[in-house]
Structures are given as structure tokens and as C-alpha cells.
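Each chain carries a letter (A, B, C and D) given by its place in the written order, and its residues are counted from 1.
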Amino acid sequence: MLAVLNYIERPKLKEPIIVAGLPGIAHIGKLAVEYLVHELQAKKFAELYSEHFPEWVVREDGLAKPLKVDFYSCRPDGIERDIILATADAQAASSFGQYKLTGEILDVAVDNGADTIVTMAAYVLSSRESRAPVVGTATDAESARMLRVHKIELLDGGMIVGMNGLFVGLAGARGLKGFCLLGATQGGLLDVGATEEVLKALARVLGFKLDLADLQTYASIVSRFKPPKLRTPMAVEEDISYIR
Amino acid sequence: MLAVLNYIERPKLKEPIIVAGLPGIAHIGKLAVEYLVHELQAKKFAELYSEHFPEWVVREDGLAKPLKVDFYSCRPDGIERDIILATADAQAASSFGQYKLTGEILDVAVDNGADTIVTMAAYVLSSRESRAPVVGTATDAESARMLRVHKIELLDGGMIVGMNGLFVGLAGARGLKGFCLLGATQGGLLDVGATEEVLKALARVLGFKLDLADLQTYASIVSRFKPPKLRTPMAVEEDISYIR
Amino acid sequence: MLAVLNYIERPKLKEPIIVAGLPGIAHIGKLAVEYLVHELQAKKFAELYSEHFPEWVVREDGLAKPLKVDFYSCRPDGIERDIILATADAQAASSFGQYKLTGEILDVAVDNGADTIVTMAAYVLSSRESRAPVVGTATDAESARMLRVHKIELLDGGMIVGMNGLFVGLAGARGLKGFCLLGATQGGLLDVGATEEVLKALARVLGFKLDLADLQTYASIVSRFKPPKLRTPMAVEEDISYIR
Amino acid sequence: MLAVLNYIERPKLKEPIIVAGLPGIAHIGKLAVEYLVHELQAKKFAELYSEHFPEWVVREDGLAKPLKVDFYSCRPDGIERDIILATADAQAASSFGQYKLTGEILDVAVDNGADTIVTMAAYVLSSRESRAPVVGTATDAESARMLRVHKIELLDGGMIVGMNGLFVGLAGARGLKGFCLLGATQGGLLDVGATEEVLKALARVLGFKLDLADLQTYASIVSRFKPPKLRTPMAVEEDISYIR
């Protein structure tokens, strides 16, 4: 296996948009997608395992599971299109793996008919910087125009590191439409306020109804955003001679 | 070569269970398997070489040998099934390698008829944490139930890092049954007490007889659990100009 | 995708020379190529995407774009050959990737008829070292002779680290002609003076006319030579127990 | 290219033994092979380029060359077999690369008829350790016996890190004979005395005549054992905001 895609069921989707959020700074993208799954009662239809993930397993429903990408589908009130929601337990373990895993997720999106991709991520403010709560970047001129119509300030510089940005960049290189919404944050493990702003902007741009009343409560009970504390695999003894 | 599997002899095994323990924190898994090989007089039937190991060689029987996975078989008193024991000189050198090498070991297990996999590892206690001496996690609901029947507390969170956990996770993703027994430890290079608890639990769950009287003595004479002290490959001179 | 080459148009080039400069110490190579594109009004004809780049995307013309190599063509006054200019947003993320990406760029050069390759880079002076402002190294004896004719001092030792050097080295191993011009610098993020010296030497050796009056102004308005500040992907919580 | 082997000429060799020494601690293996090339007037017959090397180029004969393995042949006085000498500019850049590059060198040896491989390396003494000046390790029982006959103490533990050890280990796994001679050293950049001891032992075991009178002088004029001083590819600016 390099990547294994297990379909729980093969969904029939109408002009789907994929909305993805991978774990990252302040877990904005991941919390946003997890909350959408919860609030929109999205149904999981596929799991993607990949050897490009870090070498961890996570406990889920009492069992040890390999890291994976979960794909869900839903039809929120207010729009006539389906949404594929995608999130993962972790980003890939290497920069090369980030490209491969992003490509694998894009393949699933395209195979299921998606021509528009959206990601959510964090915009980390520098010490004295002030910003709109949500900024954006797009894959193409038409998507950029749409963000401007919805009063999303477009980023005027900087880079986006990791899969949430790569997803948009590689989608554009494949000719797909899409954009990334970035919540301004000071960083840290979890920024619920920034996530709320990003979700508000997402619902506004895509035109669906979203009740955010439960977000704070939901965030407080979700415990699996915690990365493992990594140590070196083996303690090293003091006085072994070695050879080269 | 990416991986080379050398059969010393091709065993005929009855409904084998594979029990694996790779080097890791406190060497619980590795010491446990090494002791089982010793105590159950298991017979080596295969060696697996892989390019995913670290770039070391080890001395064995007076010779320099590449790092490898050793496979043994035995039939302990008390059960009507064979056990394949597997351990290695090291875990793989990269996270990608951990996935590949774990997959290669699983292939050997499945090729020899195993449908159940068991690993042993360490559960590192945080500073004021108190736990049962052995906790577990399973690949599937049925195996989880079996652990509960044998009074093994199931892990309620956290992650397992490295091949001992990956082995269980990837086995589950392939539809195999199995579980991981984790000995609570403070860490360090070798925890014989925690290893004893894990072995007791293993024998109880699988239903075979195991004499642990020799474990302490055995652990004290086994010298090859020591990782090399690594230095940078070359000393660096002080005053060379360089270019980029 | 491992590498994707998108032709904007397929150029017809006369005996082209490729002149490349990747980001590196003091950004000498990259600034030099960017200025040549600007001053010689070179036309972009291809973009090369590669999974060997770091996992970033960059903003360009309001959009998020994957890191890429840009290829331009021009015919400067004074020579009867075309020049392919090549630069990239970053060097590759790993040493293996540096070899792969360099090979991919060389493939584009050769596919478009180039038999001569030139790179520009930095020569970092050690504390009390004094040097000519530009030194060189060549792929073959004939190119070395040509540099000497133009009074470029050849390097008498040391190594060149990264793609600007690898490009010349691998070109030579393929039987191509070429050389690398290195501007003496103290290092830092951007050395405009050293870049000017390298460009003067380049124009002299290749025999084309180049107006350097705008270089200082051009360098001050180009803002995209800034690498992202990298942090670890996720904040790590203080008190999680972990397992191996 | 992953690896490219260029034959300068295809040699006809009689029962060749390959003697290899890669750069490592105290450069014992590399200096030993370089001196053998010089003293035995060995003739280069092949160069092996590989993408698993670090991303450097080296100056050689006034030109920039990719890192490579050089293969030479010679027939020293006193034996009726040919010797292939092999050394390289560097070891591979990753542990996976070490396996691949070692395998590529072994392929060249086997393709040219070698069934015996020898490497030379350093044994780094711990602070109060005392040892014979040369110790050894073998690929097989017969080679081990031969070392004992020549009064080479066999290593009784420890590991060998890097390609000089891997070479012996992987050769043994392929069924080839051979051994590694390790010079006891305190480490550092270059240990000429330890190299002399290793060369004496090599000539004694293989039974050829070797004049070591020039070694000290030769070592003092060879300047290319110096690794580059590595810095991060780009300086990082202080106040850029970043995103993930």
C-alpha cells in the first residue's frame, strides 16, 4: 500500500464542492470541518490511509486505527449542491509526503465529481499586525472575484505552509476552481473564535445556512486534536564505543 | 533489494498467531519476544532484510550482519495453535520506512497463515499518572471484547508512536484481528518488571503456559539492546570557505 | 504528478544557452535572473511544478500558486543566440529532491535545444578572505579556458552546495558545456552589489549588452525573495502521556 | 538518473577482490584507498554518479564535478589476483540512500567478477578504552577464521554505522565473502597513524607487498578530505507573518 481508499459507500453527489481542513496551527481548519460534520449531520463515505502520514496510530471508538483522511458528504440548507467534507488526523510527515497526500485527496474529490475546492486554515498575526478576522486566497481569477464580492480581503503577500495551502495551489495547477479562507490568530493549539469567523465566512460565500451556537461546546468536548509528545525512540546509553 | 526475505525453512503452522515486539521505549516488546524465543525454544524460520532500517550493521555470532527482522515459530503448552514470534534489531529509520517495514512483516505473517496479530510495547506514564500495570488496545471490536474478558483495561485516549502500534493499526486496516499489550513504565532503556507484567497478560489472554522464573536472569545477560551512539559522519573543519 | 511541465508556448530557439539562478545565499543567482527577465524583456514560455519543492504555496497576481520553476526566452543585443532564463521560488526540500529537480530543469533545457548551461551563485568569503569579485567553475576544459580568457579566476578548491552548483555538475556529467559564476559576498539575504558584478561578468563572457542602471531600483521593489518563517506544524501540549 | 555508471574502460580482471573505503570518522578508509591508488599505480576504470549523494559538487582538475564513486584496478606485487579499489567523495545523504548506494557499488563489484569484499573504517575508542591498533569483523565464518589466522582481533560487540559497515553486512547477505578492518582512533578529521596500521594489516591478510614510506607525505598534500561547512540555504528575515 502507498495509499488505500476504502469506500464505506459510493455516494451520488450533485456538483459537489470539497471543503477540507487539515490539522495545523490553532486547529482552525480541522475544528471547522469537524463542526460542519457534526452540525450538518454529514455522512462518512470513505477513508483514505496513506504511508505518508507520521508513524502513529490513534484510538478511535476503543480501537487503534492508522492515521487517515475521512470523507463525508452532506447537503446543507440553502444550496442546491452537495458538499464533501474532508479532514485528517494529521498532515503528512515530510514535504514530499505533503504533495503526495494532497494529490491523493484531490484525486478522491475529482473522482467524485468535485470541480471546486475550499480549504480553511490559520493566518498567524505577527506581533503588532492587525487584520480582518478572515482573509483569503484563490486558485483563479474568478474565485478571487467571488471572494471580493463577499468582502473577503485577499492576501497581498506571504506564503502558506502545509497541506491547507498546498491543496489550493495544486488544485489551481490542475485547473480546478477554489479558495482558502484563513482565520487571523495568535496561534496556539486551538482558536475557537477564529474558527467561528472562518465558518461564518464559508457559509456566506457558499450560501448555506449554518448554526454556530454549539461551536464553543463542541470544541470543548472534542479531545482528539492533541498531537503525541514525541521522544527519541530509544534512550541512549552513556558509554558505548562506536565505529564508523 | 528493498526487502529480502530469506527462509531458513518453510514452516507448516496451525492457525498461527503472530506475536511481535520491536525495540522501543524500555525495550518491553523486544525483551518480551526474545524471552519467549528463549523460554519456548522457538525455532527461527526466516530473516527479513530491509533498506528501511537505519544504516548500521550489528555483530552476531562473530560476524557483521545487516539489521533484520527475525521470525521464529513455536507451540507453547496449553494451546492448539502455533505462534510466530517476530522481533528486529531496530525500528525503521523514517516514518515512511516504518509503514513499509510494518507492511513487509505483515506480509510474512499473512503468507504463513496468520489471521491474528499481537504486539507488545510500552505505555509511558506521565509524572503523576497511575495505571494498571498492563493496558491494551485492539484492532477490532471482537478483540477488544476479548481483552475486557481478561481484565485488560482498554486505552481511553492517546496515541501509539512507532512500529508496535502501527503493526496493530495496519493489521486492522487489512481486516486482521489482534491487539497490543502495553506495559506501564517510567521509560528508560530496559524495564524488566513491566516486561514481566506484559508477558503474564499475554499468556493469560492467549491461554498458554509461561514460566517467568528466568526472565530477570535472561535480561541481565542479553547485551544487544544497546543502540549505537551516533555522531555526525565527519568532523567539520573550522575555516573552510563555502559557496552556494 | 512528480513533475508537471506546462508550456505557455513552445518556443523556437536558436542555439539556446540556459542561464539559471536559484534562490540561495544572498539571492545572487535569483536576483540576477529576475533582473535579466526584466531588463531583456524575456517572455515566459513554461512553468515546471515539482513535488520535490518545500510544501509551501506563494501568492502571485492575487492567487495561491505552488512553487515552480519559470522558464523565459530572450535574444539580447550583441549575440546571435537565444537565451533561456530559468529561476524558481525555492530550491528543493531534500538532497534527493535537489538532484531530481536539477535533472528536471536540465531536461527542459536539452529538450529545447540547449547545449550550454550557465548558473550564477554566491561565493561566501570567510572572515579574512579576499577575492576577485567574481570567481568561476566550469563543466569542461573548454569552458574553463573561455572563463580564463575573460579573466574570470577559476576556483581552486572548496565545494558548491545546492542546486546552482549541482546544475553545472550534472550538466557536465551529461556531456553539456557550461560554467558557474560566483559573486563574492559576506552572505545575508540579498547582495545587490555582488549580483551586479556577476551580471557584468556574464554579459562580458557571453558577449551581450546589458544595462545595469536599473538594478538597484529593481532590487528594492522586488519583495518576493523572502522565505517563510517556519514553525513546527502543531503546538505541543504539556502533559499528554504517550506510548511506544 | 538514479545512478549512472560510466566505464572509462571495461577491465578484464582475475578473481578480483574489491577493497573499499568511504569517507568517515578520521577518514581512515578513504585515505587508505587513496594511498593504495597512488602507491600501487591503480588505473581508474569507472565512475558511479548517484542521486543519493549530498547535494554538493566538488572541484576536480579545475572543474565542478558531481559527487561520485571512483573504481580503480591494480595487481599488487605478491598476489595472483586483481584488486578493485573503490572510494567516494562522500557517503550517501540519508540512511535509505546508504543502502541504495552500497548496493550500487556491490553491483559494480559483482559485475566485474568480485566474490570477496573488504572495507576499511574507524573504530572510535571510548575515553579509557584500550585496544589492538586494528580490529576486524567478517561477513562469514571462513573469513572470520582467516582474520584470526592473521592475528586480527575480532570485534566482540558494538555496531558499525555507515557505508563501510553496511558494505560488509550487505555483502554477507548476498553470500559474498569479506571482512572489514577497523583502525582504533580517537576520532578527528584525519588519523594517518591509524590508517597506516590498517594498511599494514590489509597487506598482511591479502598477502601483497605495500611500501608505506610515502603515506605521511601523501596525506599532507591531499586536500580534498574536507567536507563543506553547511549553512541553512537562506537567511530568514525577522518580521514576516506566516500562515498555515
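Assume contacts are C-beta pairs under 8 Å (C-beta built on N, C-alpha and C of every residue); 3 or more make two chains touch, one makes a residue touch a chain.
From a predicted model like this one, the values you see are computed outputs, not experimental measurements.
**Q** Would the interface of subunit A with subunit C count as same or different, where same needs over half of all numbers used to appear in both copies?
**A** different
**Q** As a multiple of 5 degrees, what angle does the CA superposition of subunit B onto its copy subunit C give?
**A** 180
**Q** In angstrom, rounded to a whole number, how far apart do the mean CA points of subunit A and subunit D lie?
**A** Their C-alpha centroids are separated by 48 Å.
**Q** For subunit A versus subunit B, what separation do you get between their C-alpha means, in angstrom?
**A** Computed from C-alpha means, the inter-chain centre distance equals 34 Å.
**Q** Counting only residues that touch at least 2 other chains, which ones in subunit C make the list?
**A** Within subunit C, residues 24-25, 94, 124, 155, 158-162, 165, 227-228, 230-231, 233, 240, 242-244 contact more than one other chain.
**Q** Which bits of subunit D are touching subunit C when the two form their complex?
**A** Subunit D reaches subunit C through residues 1, 4, 6, 49, 51-59, 62-66, 93-94, 97, 223-224, 227-228, 230-231, 233-237, 240, 242, 244.
**Q** Give the list of subunit B residues in touch with subunit A in this complex.
**A** Listed in rising order, the residues are 23-25, 27, 91, 94-96, 98-100, 103, 124, 137-141, 144, 154-163, 165-166, 168-170, 172-173, 180, 187-189, 226-231, 233.
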